[in-house]
Each structure stands twice: as structure tokens, then as C-alpha cells.
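The letters A, B, C, D and E name the chains in turn, as written, and every chain counts its residues from 1.
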Amino acid sequence: MISLSSYLFISFTLFVAGIAVMIARKNIIAMMLGIELILNSAALNFAAYTRFINNNLEGHLMSLFIIVIAAAEAAVGLAIVIRFFQIKETIHIDDAAQLQS
Amino acid sequence: MTSYTLDVYMPVIILMALAVGLVVVSVFVAQILRPFKPNALKEQAYECGEDPVGTAWSNFNVRFYVVSLIFIVFDVEGALMFPVAAIFRKFVAIGEGAVLVGSLLVFISVLVFGIIYCWSKGDLDWVRSFQLSEDQVNQLKGSEEKA
Amino acid sequence: MEYTISTIAPIVLLPFFAFVINAFIVKRFTTLAVIISCASIVGSFFYAARVFFDFLNVFSADYYIHKTFTWFDLSYGSFPFKMDMGIYIDNMTATMLFMVTGVASLIHIFSTYYMHDDKRYGRFFVYLSLFTSAMLALVLSENLISVFIFWELMGFCSYSLIGFYYEKEGAGNASMKAFMTTRVGDVFFLLGILAIWSVVGSVSFVDIYQAIGMGKFNGLYALGIPLATFAGFSVFMGTIGKSAQFPLQVWLPDAMFGPTPCSALIHAATMVAAGVYLSLRCYPLMEAGHLTTFIAYIGGITAFGAATIALVQTDIKAVLAYSTISQLGYMVLGVGVGSYNAAFMHLITHAVFKACLFLSAGSVIHSLHDHHTHAHVQEMPRMGGLKSKMPYTFLAMLFCTLAIAGIPFFSGFVSKDRILGDALLMALDNKVYWVPAVLGFGGALLTAFYMFRMMFLTFFGEPRDKELFDHTKKETLSWNRNLPLLILSLFTLGAFYSGSLTGQGFIKVAGEKYEWFQTLIEKPNLLKFNNKESQAFGFASNPSSETFQKSKYDSNHGLSAEKAHHVHHVHHIGALISIVIAFSGVFIAAMMYFWRSWNPGFWVSLFSRWYRALQNKYYFDDLYIKGFIQKGLLPLNNFLAFVDMGIYDRYAVDGWEKVNRVMFTMAKWFDNIIVDTVAVDGTGASVRFFNVILRTIQSGKIQFYFIMIILVLTGYIWTLNI
Amino acid sequence: MSLSINDYLNQFEAHQKAISFISELLGFDASGLITFLVFATAAFVVVNVMALIGGLGTYAERKISADIQLRQGPNRVGPYGLLQFLADGVKMIMKEDIFPAQADRTLFNLAPLLALIGVFATLAVLPFSSGLTLTNLNIGVFYLIGVSSLVGVAVFLGGYSANSKWSMLGGMRGASQIISYEVPVTITILSIVLMSGGLSFGSFVESQGGFPHQWFIFHNPFTFIGFFVFFIGMLAETNRAPFDLPEAESELVSGYHTEYTGMRFGLFALAEYIEVFVLCGVAAAAFLGGYKVPFDLGNGVVFVEKLGLPAIIGKNIGQVLQLGSFLTKTLFLYYVVIWVRWTFPRIRVDQVMTICWKYLTPIALFNLVGITLWVFAFDGQSIWEVLSHMGGGAHGGGH
Amino acid sequence: MFENTLFFLSAALCIIGAAGVVFSKNLMHACVLLLASLFGVAGLYAVIGADFLAASQLVIYAGGVVILMLFAVMLTGGSSENSNKFGIEKIPGMGSTKTYVFAGFSVLVISFTILKLMANFMKSYTKGELPAFSSTVEKIGTLLVTDHVLAFEISSILLLGALVGAAVIARPRKG
């Protein structure tokens, strides 16, 4: 029951949900939730392959670094969002369509 | 390396279930026992007796964010250092401790650099102190003299 | 005794980390940076001392540590392309480490005195740290590629240090000259490495020794030259460049533009020593390439020629610079005459006394301050009688001068005498070697003469510049000025190196007759390397499998009794000759400059043409500038310019112009009518048309981009059918 | 140190026999069922004891504060007022549950649940004794840090969902205070991990001894400082005085649970009291030798050899002693926490952040470096061992 | 038996959470649902013996990232659906029917692509014997300081960069 395919299915679901969130939402923070989902699906895949394919712990390490990078990404991304909000008083993604203020 | 089965996680699940159960049961019991007479005044948010003005969900100071930002960086660095710390004694025992000390110290020093930066830029001050310009000081003095 | 990477790596990494840290903090925390630099090199010295004393006392004579890790591995099938990096420590490396860290520590300490008032005080230490760590890494290197890397790094550092006073006129040129001149040697060195790679398939020293031992070089020719000769020659060209040997010696005197402590570091302990160290490391290659005669000639010519130039110099640092070239010539001569042990010993002894000489010179220069030009005085004609003003510096410098002049009981005598003795032995054996031997003995005479000339001119007699003399403060004993000098001058005593005062015997250590230099340093025994596997990096080596017995001192050096007697006999004769020569050099110097019985001007007028030649350094700079550059390169440039301007430009380009003019008139019509109206305006119109369409795509709406990415990715995957 | 309470029981013959008997009775392999039952029972017992301790905590708090302030304290319900907490509980259940009209009802309901889940899940790894540890996860302390951070989310959501300005301020303050103080606490725990060489509480406790000089708090000077860093951070993480800014009644009415009434408020309070106990237990396990009993009485071998008791009884007496040792230390710390609350005045919000980022975190980092170098230099020996080696064994503790 | 229970609980939590993130109309609720989903992922890690990963997931996500998200939501004006500052009503921030149609279309396309890739892979996959669980902390630690020490140190630099960059960007400015 607990097999590679079930794990792949779950991570597939997470990935698809992330994509859906990123396209459907117009709120930047909500889109970042989608990014977290996508990164988690990738990390889960690495851990699952480690368990079911080669039992090599470097997959775990990869997942760990994905988590680390996700944290850094969230920190910087949200800081940009907040700065954006301070300038434009909105976090609607369509208001961020210009390269120049 | 001793192997284990997934049974070790059973208490975790049971405890979480107990927590949920406790909440559900207590709220349910209270539902039966307690009185239920709502009125508009009761349901008002408490604002020292006045009528509440606007919503509480407005934007807050950025300082909260900077604090949580520093926190998350430390959190992640802690998470990376835990496995290294766990093998430290073993490496010291086989005489390779210097490598670990070196890499840990480099890691920690980078961490310290970050906190020093935030400190020097005043991100750690809850109340940011700023220097009054001379005009402002004079203005203040003037107002004091008038008073 | 467990040797792990953590006991050896700090030797290199401490100065390197000091460099990295100081590079960031030097501007704001200068004092802290200096302290970090000094502390790191002293710490490195203690680590090196541990290695050295283990090699001296614990390990057997032929024990070595060889650890590698794979740097990159691009092997494909049967084609090997794998590069290892690692460390190789044998007795020679251990001795070098001890010497380099020790001398560098003392130079660091002295620099806190010498450079203290300099405006780039901190930066100097940054360079020093990097320089020292590069030298230490070179010494520890396991293969030629990593030697080359650190060799170039040192080249860069010497470039920075020579040009340290870049606002001074000539300093920039001098640093450029040093950099470019050594580059000539480096090109050859790289060629040599490639040649070795092509034969051995690896550049590790151990593999090279093994290959030579197995005779892999035999019967391989390139352009009619044996490959071993070519490879050895090319590597030796690297030595010539770095150690300032005969054709490429011109950069070293100019390198005196740098601060004096850095001269001490570059020209005594580290960089120039690296060249000789390399040729000692590659000695089996030189032997296999039958290059020893050539090397001996180069060494002899350098030793004698540089000594003659040093006779007429008036700048105190220039005298020392030429004496450095000359002494390096002795080392190379030692390599050439097969005196492996003595050449290395001279490298060590020379490093100590030359560092001390430079530091003493620095001490003298630093205290002589001209109040008119606000510059330090380096000219010997303005000195004199300084003995009373700076007694401790004088003491230190006297010891070193005695050492370099080859007076018995001092270290210079011990090592130089062995080289000369071996040269004499070779000359008796083979007539070809007479020239280097005689040049070597002549150089020894000149060395004694010019060094004592320097001493007498500087410290004895009446002060020739009274005002300068009166302004000079009397020297007081201070820890960072005199302590390094006195420590170094203590180590000029021969007993530290030879085991006996005369330099010919042995002493008893722990109840055994034991002579450390003779026992420790020997030519690489090629057969030993045949079945050795290198150890993986990072794990403790297992010295318990080695024998821990020190080989006993063998007064016959492994020769048969009859031959050994002959050798000893020749050595005794050589020692006698050198003693006589050294004392006569001192005597001549004293007659000329101390008692003033002989007038040097007479000799100058007698050999006036030679004197001019010497003052112009045998016209080498002129030769290179006028001969090579002006006669060779400039005409070539002119010729190329002529070809370019006169032929190519005139006929090809201008001719085409004519053709083009005709074509142009035809084309103009075509252009106006067809291209401009139809194509260009048409293109513009179409661009405008597509612009309208494409503008909608680049909307700045991120989600639209996502959808596009997904569609393109999908299309890609489905079309390629991955 | 067994992996869990189930493993501990499995080593007794009677338990094995019971399993096989039940298997025969039921006709299938009942070991899984028994495991579940054992865990469920133990967890249930632990949770109930914790709820009792939480309830008695409120009583103790009021009694001790009364003592400190020369008052009587509760003395009407039951002997010495001991049953006061039951009366409070009944009162809370009987109170009307009011939802603010503008509240986010889902999150308003969810917040106490999250707090309770976070706190209860930490109980799983608390080492009451070498046998009575629900599960000795090999990532124990790291798991505990992760799960207990749910409380921060719960505080924030509790403050957010009520849509009251007092609540919101309290929630933001509470969450940022909790996460801030997690940094020095994590770093201090990291240094303990360095010394014990494992992440599980079992390895923490097993690398200490029964006597005070074998505890990590007296292991070297850095850990001594580290204990206080941990203790202060712990006070702040549980929003205890003097760090009870989030619920400072003089500024914020009642902080993030201003709008909570009745049982929901009770659940928050319960979670808070249990969390104090849990963190006191962590402090005891990490610094004060945990369940270790002097003279190795804890493993029960002495009783078997000297008194001739059967092995099973000797072992269980040892367990009881260990449990006693652990509870003594934890409850002592609990007492200190209450004592601190009624001794020190509350500090300002900017001082809270200053203490965390400018004092505790640098000190904790310094401790970490110091302990790293200590372990490296002295090969993990404590200061007493080092001193006794230096003094030729003439003095120093116990070696 | 218990393995399957744990797996199903975690998977359900994970997928329901993810679905909630997609369909929730309230940003705060979406954040809490994301927390649930990440908890589920932590449980899934635990099921395949990645104990350290599970705990780091809890520590970093539950303790760090989600709190950061919640703070960011509060700092940008709560979960109320903003119109922009000119007062013009646009598409609501949490999506509209049109955006969901686009999303559904993209999801459909990407699902087919991923399933095609996965099918190729699963054809060649044979299930092998699974080893017993053992603690991964020591192994991860050893890997971090031996083979991957560079990544270990560089991640500290990465985090330093993130800290400095984000602090500079988000720092409150006067005026």
C-alpha cells in the first residue's frame, strides 16, 4: 500500500495544486503559498526515491536543502511583497505588471 | 544503528487524537450545560465599553516581520546544525574533531555576521531611536520655554 | 603518533585564513589584523615544528607521508584524465616547513617594527600572510600542477610586494619586470609539466619517481631530443626564472624596490628558494635527462658573475641582492655536481643568514633618515661608523657576514664547503667540471671580499655623512627590532646544521652517533616508490608499519672504504682551499677599506672597462632592451607593420575600395528602388504589425507567463516524445 | 533505555505471555492491538495526570502567590481549598460561550485546538523514567521544538480570529515573542546535543549521572550560563511573568484571549500550564540529570542483588524512583517559575526584544562556541574530571 | 497496520490541505490549510523513515515559514479583499471564475504531461526489498560535514544573504 507510486501520486497532487494556486490566485501572498506547495512536492519526491529506489541518503540531503531554500525564498519574497505593499498599497498581482514604478 | 518500526510514532498520533477529543468533548459538554442567550451587545468586540471602530485586521508594523525574518534564518541554521552537532562527539573521539570544529565555527560566524549586521542597522531595536536634528531640538526647547 | 589532516592542514590554512580575515578587516582594525597575521604564522610554526621534530626523532629516515584526494576525474574508458591533489611530506619537506615558518615568523615580528609608520601597514601583512601560505602550500604540494598553482600565486604576491610603494618611481616597473621575467621561466615550466604528463600520465612526484625508476623515459624522443632531457630542461627553466639564474637574473636586483622585510621573505626564505626546491624535487628527472653538467655551468656562471657585480655596488640592499643571486648560483651548482644534500643544506643556511642580513640592512636603513629628502638612506657612501650607534644590529650582521663569507664554524662554511668539495671531486673525476669548480672557488673569494667591504663601509671607520650620523638615534634593545635579528644570527652557527663545529663530523644524540642533515636528506631512492600506494585524504596514516630505527651515521656515506678515503681526502683539500680563500677575501677587504692601505681607486682605474661593465651589470638590461627588444622585437614589429600597412592595406584594402566604388554605383540604384522602398519600409511595416500582436503577449502579467511556460514545456515534451 | 513504553513492557515475560494468551483467545496476532492498547492507556494516563497537574498548577499558583503576598489564598473548596480547580473547571463549562459578531468563527474554534495539539504532542517524548517514556524518538528534542511551535501559530490565530484590537495586538506580540525566544532556546539545546551526542531525550539523560556534579548544568561554566538562558527563554516562550506581555492586563485587557470565554478559555489556560510543565521537564532532562537517581538505584539491580527481590519488582521499584526523581526536579522548577512570576515586575515590550536579541542570543551563541571548543579540547570531560586530572585526583568530585 | 493508518492520515491531511489552499476564499484560512498540508507532508516523511526530514519540516515550516506568511498577511492589511488604491474594482484577489478556468486548463495540460513522464518511469520500475528503518540523523550529519560540506557552508551564506537582503528590503523607512 505504501509504495513509490502512491508517493508519486501525492507529490503530483501537491504539485498540481501549487500550479493551480499560482494561476488562479491574484493575491501575491496566496501565490507564494502555491510556491511552497510545489517545493514541498519536489522535496517529497526526493525522499520517496531515496526510500524506494536506491536508499542513498543524499536524497534526504537534497530535500533538506530544498526546505532551506524554500525558507530563504519565503523570507525574501515576502519582504518584497511587503515593500511592494508599502509603495503601492496593494498586493494584487496585476498591479505589479510594470517594471517601473 | 538500531532499527525501529513506525510504532514509535503511535503515541504522537494518539496524543493528538486525545487533544482533538478533549476539545470536542469539552465543547460538546459545555454546549449542553451552558446557557445560550446571545445579544448584540454581548457579541461586540471589547473596546473598553465604546463601540468598536473599524476592523482589527489592518496592517501592522513591519518590525514584526523583521523579527520573524531573523528568527526563520536562525531556525533554518539550527536545523542544519543539529545533525552535525549530533555526530560531534563521535568525530572528536576518532580524532577528526578539528574538521567539525572548523566547519561549525565557520557556520556560526556567518550566523553571527548576520546578527551583527541587523544589530548595527538597528533592526533589533524595538523602538528605533533616531537623532533629532538641531532645528527640532531648538523647536522643542522653544515650546518648553513658552510653556 | 597519529598524523591526520588536522595536524598538517593548519600549517597552510592558518596563514591563509589570516589572509582571508585580514582582507576584510584590515582597513578598520589594522592592529588586530597585524596581530592575527603574526599569531597565525607563529601558530603555523608550532605545527610545523611538531612535524619537523617527529621526522627528526621518531620516524625512520625514508618515511614519508603521501595523502591524496581526487580533484577531478574526467577519465573516459581507457583514457585516463584524473587529477589528484594532496600533500607529500618527507624529510626535506619537513625541514623546509620548519625553516619557512620560523623565518617567516621572525620576519613578521620584525615587520611590526619596520613597517609600523607606513601608511599601508596593515595591507603589508595581508600580502605577507598570503605569500607565506602560498609558499607553505607549495612545499607541501604533492604534484607539479599544484606546485605550479602556488608558484604563480607567489609570483603574484611578489608582484604586489615589489610594487608595494607604487607611488615611488620605478617600483611599478620593477614589479612588472619581476613578473614578466619569471613568466619566461614559467612558460617552460608548464611545457615541462605537459611533457611529463604525456609520459607518466600523472604529475605526482611519487608517480614521476616511479616512472623514472621503471625507465619509462628511456627511448622516448621529441624532435630528436630525449624527452627526459626536454622535460628536465623545461622544469629547470622554471628554476632559472624563479631563482634568478644566469640568463634571467635581471629581475632580482630591481625587486629591492619592495619594503626590506619583504625582500627578506622573497629573496631569502621563500620564493627564490622555491626554485631550488623544485629542482631538488625533480632531481631524478635532471639526472635521467643528463642535465647535470648544464646545471653546474649555469650555477657556476651565476655564482661568479653575480659576485663580481656585487663588488662595485654602493647600495646596501643591492649588494645583498647580488649576493643572493650568487648564493643561489651555489645551490644550483650543488644540484649540478650531484651534491644533493649540501645544496639543500645551503638552501636552509642561506635562508637563515640572508634573512638576517636583509633584516639587519632594514634595521640600518630604517634608522638612517635623511631630513632633507625625508627618505631613508640606503647608500653605503653616506654611512660609516655606525657600529657605535647600533651595536646589536652590528653584532647580528657580523655573524651573518661571517657565515656567508665562509669562515669556519659558521653555517655558510659548512654548506658551501660541501658544495665546493663536491665540485672539486667532480672536476677531478671529469675535466668538464673544472670550469664550474673554479668559478665556484673564485666566487667564494669575491663573496668574502664584498661582504666585508659592505661591513667595513657601513659600520667601521669615520662617519662620512656627519649630519646624518648625528641625527641617528642610538639603538636600544627592543623585542620586535633586535630579537628576530639575534635569534636568526644565533642560528648562523654551523653547529646547528652539521653536528660539529668544523662541519665535518658528528655529534652524539641520545647515545648514538648521529648527524641529522646527512642522515635525513638524501636523493630520492627511486626503487622505494615502486610499490607504494597513496593514502586517502583525511585518515590517519599508520606509521607503525614503518621501521622506527634511525639509520646510523655512516661516515663513509655508503661508499667503499677506498673510495670514501679518496672522497674525504678531496673534501679536506677543498675545505682547506675554501678557508684560505675566505680569509684572503676578508684580508683584501680589510686592506682596502679598514686599514686603507690599498687604494680601491687604483684597481678601478686599472680595470676601468670591467668596472663600467660591472656597474652596468654586464649590460644585461641593455642587452635585453637594446638587443632583444629593440633589435629583435622592434624590427619584427616594424616588418609586421610594413606588411600590414604597405602590402595588405595598400593593395588588398585599397584595391577593394576601388572595386567597391564601382559596385556602389550599381548598388545605389538597386538600393533605392528595391531595398529601401520594398524591403526596408516593408519590414518596418511588418514589424509594426507584429509588434501590435506581440505587445499583448508581454503583458507583465505573471500568471499569463506561467500558462505560457506550461504550454511550451508540454509541447516540448510531447514533440520530443521523451 | 528502551525505545518506548511498549518495548519496556515487552522485556517482561508476563507481558509476552499475556500477548500470546490474548492472541490465542482472539484467534489472530494480537501484538499490534496490545501495542495500541498499551500506548493508548499510557497516553491517556499521562494526559490525565497532566490535566491534573495543570489544574493543580492554577491552585498552586494562587496558593503560592497568596503565601508570597501574606494572604490566605483559596481555602473554601475541599481541604485547604485543594478542589478549587475542579470548581473552576465546572464554572468554565457552565459559562456561556460568546462568539464576537465580527469574528472568524473557524479560526476562533481552531486556535485552542491547535494550542492543545501542540502541547499534547510534546508529551510523547518527555522522559518520565527510563521505562515510562511514551516514545523515545531519535529526533526527540528537534521534534519537540517543531511541535511546540504550533503554540505560536495558535496564539497568533487566537489573537487574529476574534477581530478585536486588544486580541490582535496581544496575538502579534505573543507570536513574535514566542518565535524570538525560540532562537536562544534552540541554540542552547543545540549545545546540549553537542555534549550528549544524540537528539533523543534518552541520550540526553543517559549521558548524565545521578549526582549533581554529573549533571550538564555543572558540566562546565558554559552550560551553567546556558541553563539560565534556557530558563529565561522558557519563561518567555510560555508567556509567563515577567514576560507575560501578550496577556498584560494593564495594557491589553487580557491579550489574545480577551474575547475567549468559557471552555475555550479554559483550554488555552490548560495548554499554557501543561506547556510550562513540559518545558520544566525538558530543562530537568537536559540540564538536571532527568530521571537519574544517585548510586544507580534507578536500574533496580541493587534491589535484586542486595535485597534479593525478584527481578521484575526490583526493576519497577527503580522505575518508581526514577519517576520520583524526574517529578521532583520538574516540580521544583515549576515552583521556581511561579515564584518568579510573583517576584519580578513585568517588563516593557521593547525590553523583551532587547533581552532576547541583544543579550540571550549572543550569550547563547557564545555558549555554543564555548561548548564546542570545550568538548573538542577536553574530549567531553566535565570540569570536575578535568580538575581532578590536574590535581592528580586529590580533589574534585567522585573520580 | 499502524503504518497504513499513519500513511492514510498524513496523505489525507496533505491532500485535503492542498485542495483547501486551492479553493479557500480566505487568505488566512489558506495559510492555516497550508500548515495542515505541510504537517501531512511531515507525516509522509515519517512513514518512509525520513525522521530528521519530518522534524525539520515541522520546525522550519510550522514554526517559521507559516508564521512568516501569517505576519506578512497581517502586514499587508489582513485578508480583506483589496481593491487597488484608485478604488477601481478589479478581479478579486483570491481569484474569480475566469482565473479558475485558466488554472483548470493549465492543470489539465500539465497533468497529462507529468503522467506521460511518470508512466515511462513506472514501466521500468521494479519494487525491491525495503530496508529497515534506522536513524538518519547521524548519517545526514556525516554527509553534511564530509561530502557536502561545501553545500553546508554555502547554505549559511545563502541564509545570510536572505537575511541581509530581506532586512534591507523590508526595513521601515522614515517618511
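The rule we apply is simple: a residue touches a chain if its C-beta (ideal position, glycine included) is under 8 Å from a C-beta of that chain, and two chains touch if they have at least 3 such contacts.
Model, not experiment: these values are computed from the prediction.
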Trace the shortest chain of touching neighbours from chain C to chain D and give its length in steps.
2
Maximum centroid distance from chain C, chain identifier (CA atoms)
D
Between the pairs B-E and B-C, the one where more C-beta pairs touch
B-E
Distance between chain A and chain B based on Cα centroids, please, to the nearest Å.
22
Cα centre of chain A to Cα centre of chain C, whole Å, reads 55
Per the C-alpha means, the centres of chain D and chain E lie apart by a whole-Å value of 29
In chain A, which residues are in touch with two or more of the other chains?
19, 23, 26, 64, 67-68, 71-72, 74-75, 78-79, 82, 85-86, 94
Multi-chain touching residues of chain C, meaning two or more other chains, are 703, 706-707, 710
Which positions in chain B are in touch with at least two other chains?
2, 4, 7, 9-10, 55, 57, 59-60, 62, 64-65, 68-73, 75-76, 78-80, 82, 85-87, 90, 97-100, 111
In contact, pair by pair, are chains A-B, A-C, A-E, B-C, B-D, B-E, C-E, D-E
For chain A, which residues count as touching chain B in their complex?
64, 67-68, 71-72, 74-75, 78-79, 82, 85-86
Can you list the chain C residues touching chain E in their complex?
703, 706-707, 710-711, 713-714, 717-718, 722
In the complex, chain E touches chain B at residues 2-3, 5-6, 9, 46-47, 52, 56, 59-60, 63-65, 67-68, 71-72, 74-80, 132-135, 137-138, 140-142, 144-145, 149, 152-153, 155-157, 159-160, 162-164, 166-167, 170-172, 174
Chain B - residues contacting chain D, complex:
2, 4, 7-12, 14-16, 18-20, 22-23, 26-27, 29-31, 33-38, 40, 42-48, 52, 55-57, 60, 64, 67-68, 70-71, 74-75, 78-79, 81-82, 85-90, 92-93, 97-98, 100-101, 104-105, 108, 111-112, 115, 119, 124-127
Using the touch rule from the top, collect the residues of chain B that touch chain E in their complex.
1-7, 9-10, 13, 55, 57-66, 68-73, 75-80, 82-87, 90-91, 99-100, 103, 106-107, 110-111, 113-114, 117-118, 121, 123, 128, 130
